[in-house]
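Common to both upcoming complexes is chain A, partnered first by chain B, then by chain C.
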Partner chain A sequence: MNALLWRDLRVLFRNPQSWLMGIIFFLLFLSLFAIALNGDSHKMRSMGPAIIWLAAIFSLLLNFGSIFQNDVNNGNFEQLHLSGLSTVSIVISKICASFITSIIPLLIAIPIAGISYQLTSAEMAAIMLSLLIGAPAIISYGVLAGAMLAGQKNAGFLVILMTLPFMVPIVIFALSGIQAYPAEGLWNLQFQALSGISLIALAIAIPAAAAALSAYLD
Partner chain B sequence: MINYLANPQRFLRFARFAAPLFMVLFFLFLGYGLWQALVVSPADTKQGNAVRIMYVHVPAAWMAMASYLALFIASLVSFVWRHNLADYGARAFARIGATFTALCLVTGSIWGHTSWGTWWQWDGRMTSVLVLFFIYLAYLFIWQFTDDRKPAARFAAIFAMVGLINIPIIKFSVDWWNSLHQTATISNVGAPGLDKSMGTPLLLMFLAYLSLFAWLSIQQVRTDIHTAKNKRVRTDKAATITVEDL
Partner chain C sequence: MAITSASPFTAELQFDLVSYMRGENLLFQNLSFKLGSGQILWVQGDNGIGKTSILRLAAGLTKPQSGEIGYLFNGEASSPENLVAFQSHYDALEPSFTVYEELDFWADIYDSQIDSLSCVTQVGLHDRLTVKTKDLSAGQKRRLAMARLLISERPVWLMDEPKAAMDEAGQALVDHLMQAHIAKGGAILAATHNQATKLSKNTRRLLLESLS
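Let's turn to the complex of A and B:
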């Protein structure tokens, strides 16, 4: 299990297009949005948290189309299965690996974006914290979709189609939590609800993605 | 009952009389219900005749949710017992459910325009029905992207079950968000405390929709069975080499 996590991390790290693409998309999306708003700093400040969150969701989801693809296509997945690992541990390792490789770059990019959107440091901190709390939910649904689409060629769009309906509660609680953060601090009601949603998502997606991967073994 | 119908042959025999039966029921309920709704039932004191949209809209909303429940049960059966008929059933339910959801959204929007003066409000109910519609669409896409039916059925069943767990969460969060963002302008126009003169046509229309659902899904499963049969027949012919050929 440990070795598997290291392997997944190494694969993701040596294959930087997966997470680098997300970050570049994130920054591009935000700058295009600023251009679309005509650089109006007042508007940008008020819409900033929402836009940064949406950009973060999309940039995270971009990675999942191909997350299991190589493993399934080149037979690694069967080998892992033969070595006695359960699909559940394969999924858990993937979730951890993509959490580490995709969240750290985003956490670095958010202050850059926040400065350009003229957000206060409290708002930036709130965005980063809400992303840390909510990311397990986004990633677990993304991994679930990735597991279903492992055999697919152009899975990127389908991942977004399959996961966005489940992003509704996450977006709602994250953004209202960001609003409540300056007054109520980190452990406000909305962030509690968000962490609850993350835990539920993990509990749903791990067995579901494992079951989806098992379909490739039939 | 389910065990009995799980056999495709028996299902086809059942469908041969059940499909027309539900069709007749549908037209009976629809005719009587529409007559009740459009002629017999009174116009609303505030909304006038516009209230009659309710008889199309509310049963559609009920069916949108009932279809998802049916979809979930069929998916569970398909996931546990890997039964082909449950897959066909689930897909049929999803198609019909998505249509009912679209009907609910469209009629709701028209009704909203006449009674509240707006085509769309990001109100809790409307938003959650819209999300339900997207979940249906995503479910149907899963069937599209794989040519191989078996894994597609697996994935679709998993997705339907994940969706069922998520629907209450989405509903709750959207309601909460809605109460946070705007005062409740427009809920409960016609739901509780309905007069009997309006309740009867509503029930009749619901029964009509239910029969339509049963009719169309039986018909769809029947079609799927026949399509699968035809495919099987058309595979490679048996070898016909004889001694003379050699």
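Let's turn to the complex of A and C:
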């Protein structure tokens, strides 16, 4: 399991196009939006958290179309299965690896975006915290969709289509949590609900993605 | 269930009245055979006749429509994950990994007691350790996949066209490694569309032919 996670991380690190594309998309989206708002600092400040969250969701979801594709197509998945590794641990390893490689660049990029949107440091902290709490849910659903579409070519768009409905509660609780953060602090009710959503997502996605992958063996 | 030279073992793979359909196509019906320690069974036949299907069934990757496939280790029931290593026609190598990283990874996954360096040497890739697997030739990729069989320490090898893409030295190497494996008490089920080679006194052939 550790060996597998270490392998997945190295593979992602050496093929940066997947997560690098996400982070570049994130920054481009935010700069275009600032231009669209005509640089109106009042509007940018009030809309900043919502826009940053949307950009983060789309940039994360870009990664999952091909997450299992290589392993399934080149026989690696078969070999891992035969070595006695359960598909569950293959899925968990993928979730951890994409969490690490996609969240770290986002956490670095958010302060940059926050400064240009003139957010306060408390708001930036709230956005980063909400993303840390909410990302497991986004990644779980993304990995699940990626597992279901592992044999498909160009699955990227389908992944976004399949996962968007599940993003609704995540966005709602994340943004109301960011609003409540200055008054109610770190552990406000909305952030608690968001962590609950993340845990439910993990509990659903891990066995479901494992089952979807097992179906590919036969 | 690693095999070591210190502890003698017996392994057995058994097909019992196995029938398998691919799509609408009945590939074989009531196929039965036993493969035990020290034996080689070649599955020989033309393309598309079901050789790979037999290997995938033996690996537990596909389920038969009817019949049983049994796995025994030292007389006790076992499972394919514990008993078999499968060299499929996919090389299953990560393109961005070097030869050494690839083997090191599989040694970790299999928790192998065998030194991965000695495996690379056995397949003749010891001067390619730092080459990325995507830069290897087709034959070298097959050799590397073969090193994974050695590293797995599994008693039953399933080999799909082991000599495909191999040069003459490579083909001799395949013969040699197969002989060494059965000499240690292993068993091999191998598919080929060529003439099967007699590698030991316990070499048999399962000929699949379509009637026209």
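Following the convention adopted for this analysis, the second predicted complex is superposed on the first by the 218 of 218 C-alpha atoms of A that agree within 3 Å, B and C clash if a C-alpha of one lies under 4 Å from a C-alpha of the other, contacts with A are read in each partner's own complex, and residues count from 1 in each chain.
Here, contacts are C-beta pairs under 8 Å (C-beta built on N, C-alpha and C of every residue); 3 or more make two chains touch, one makes a residue touch a chain.
Just so it is clear, the model here is predicted, and its values are computed rather than measured.
After superposition onto chain A, the partners chain B and chain C occupy separate space and fit alongside each other. When the shared chain is aligned, no partner comes close enough to touch A:45: not chain B, not chain C.
Of the two partner chains, chain B is the only one that A:169 touches; chain C does not reach it. Of the two partner chains placed by superposition, only chain B is touched by A:151; chain C is not. Set against each other, chain B and chain C differ in how many residues of chain A they touch, and the higher count belongs to B.
When the two complexes are overlaid on their common chain A, residue A:215 makes contact with chain B while staying clear of chain C.
Shared-chain residue A:81: touches chain C; no touch with chain B.
Of the two partner chains, chain C is the only one touched by A:3; chain B is not.
Vectors from the Cα centre of chain A to those of chain B and chain C enclose 90° in the overlay, to the nearest 10. Of all C-alpha pairs spanning chain B and chain C in the superposed arrangement, the closest lie 7 Å apart. Looking at chain A, you'll find residues 218 touch chain B in one structure and chain C in the other.
Per the touch definition, chain A reaches chain C in the complex via residues 3-4, 7, 10-11, 14-15, 74-76, 78-85, 217-218. Within the complex, the chain A residues that touch chain B are 144, 148-149, 151-152, 158, 161-162, 164-166, 168-169, 172-173, 176, 193, 197, 200, 204-205, 208, 211-212, 215-216, 218.
For chain C in complex with chain A, the residues that touch the partner chain are 59-63, 80-82, 84-86, 88, 90-94, 96-97, 101, 105-106, 108-110, 148, 152. For chain B in complex with chain A, the residues that touch the partner chain are 79, 127, 131, 134-135, 137-138, 141-142, 145-146, 150-151, 154-155, 158-159, 161-163, 165-166, 169-170, 172-174, 176-177, 180.
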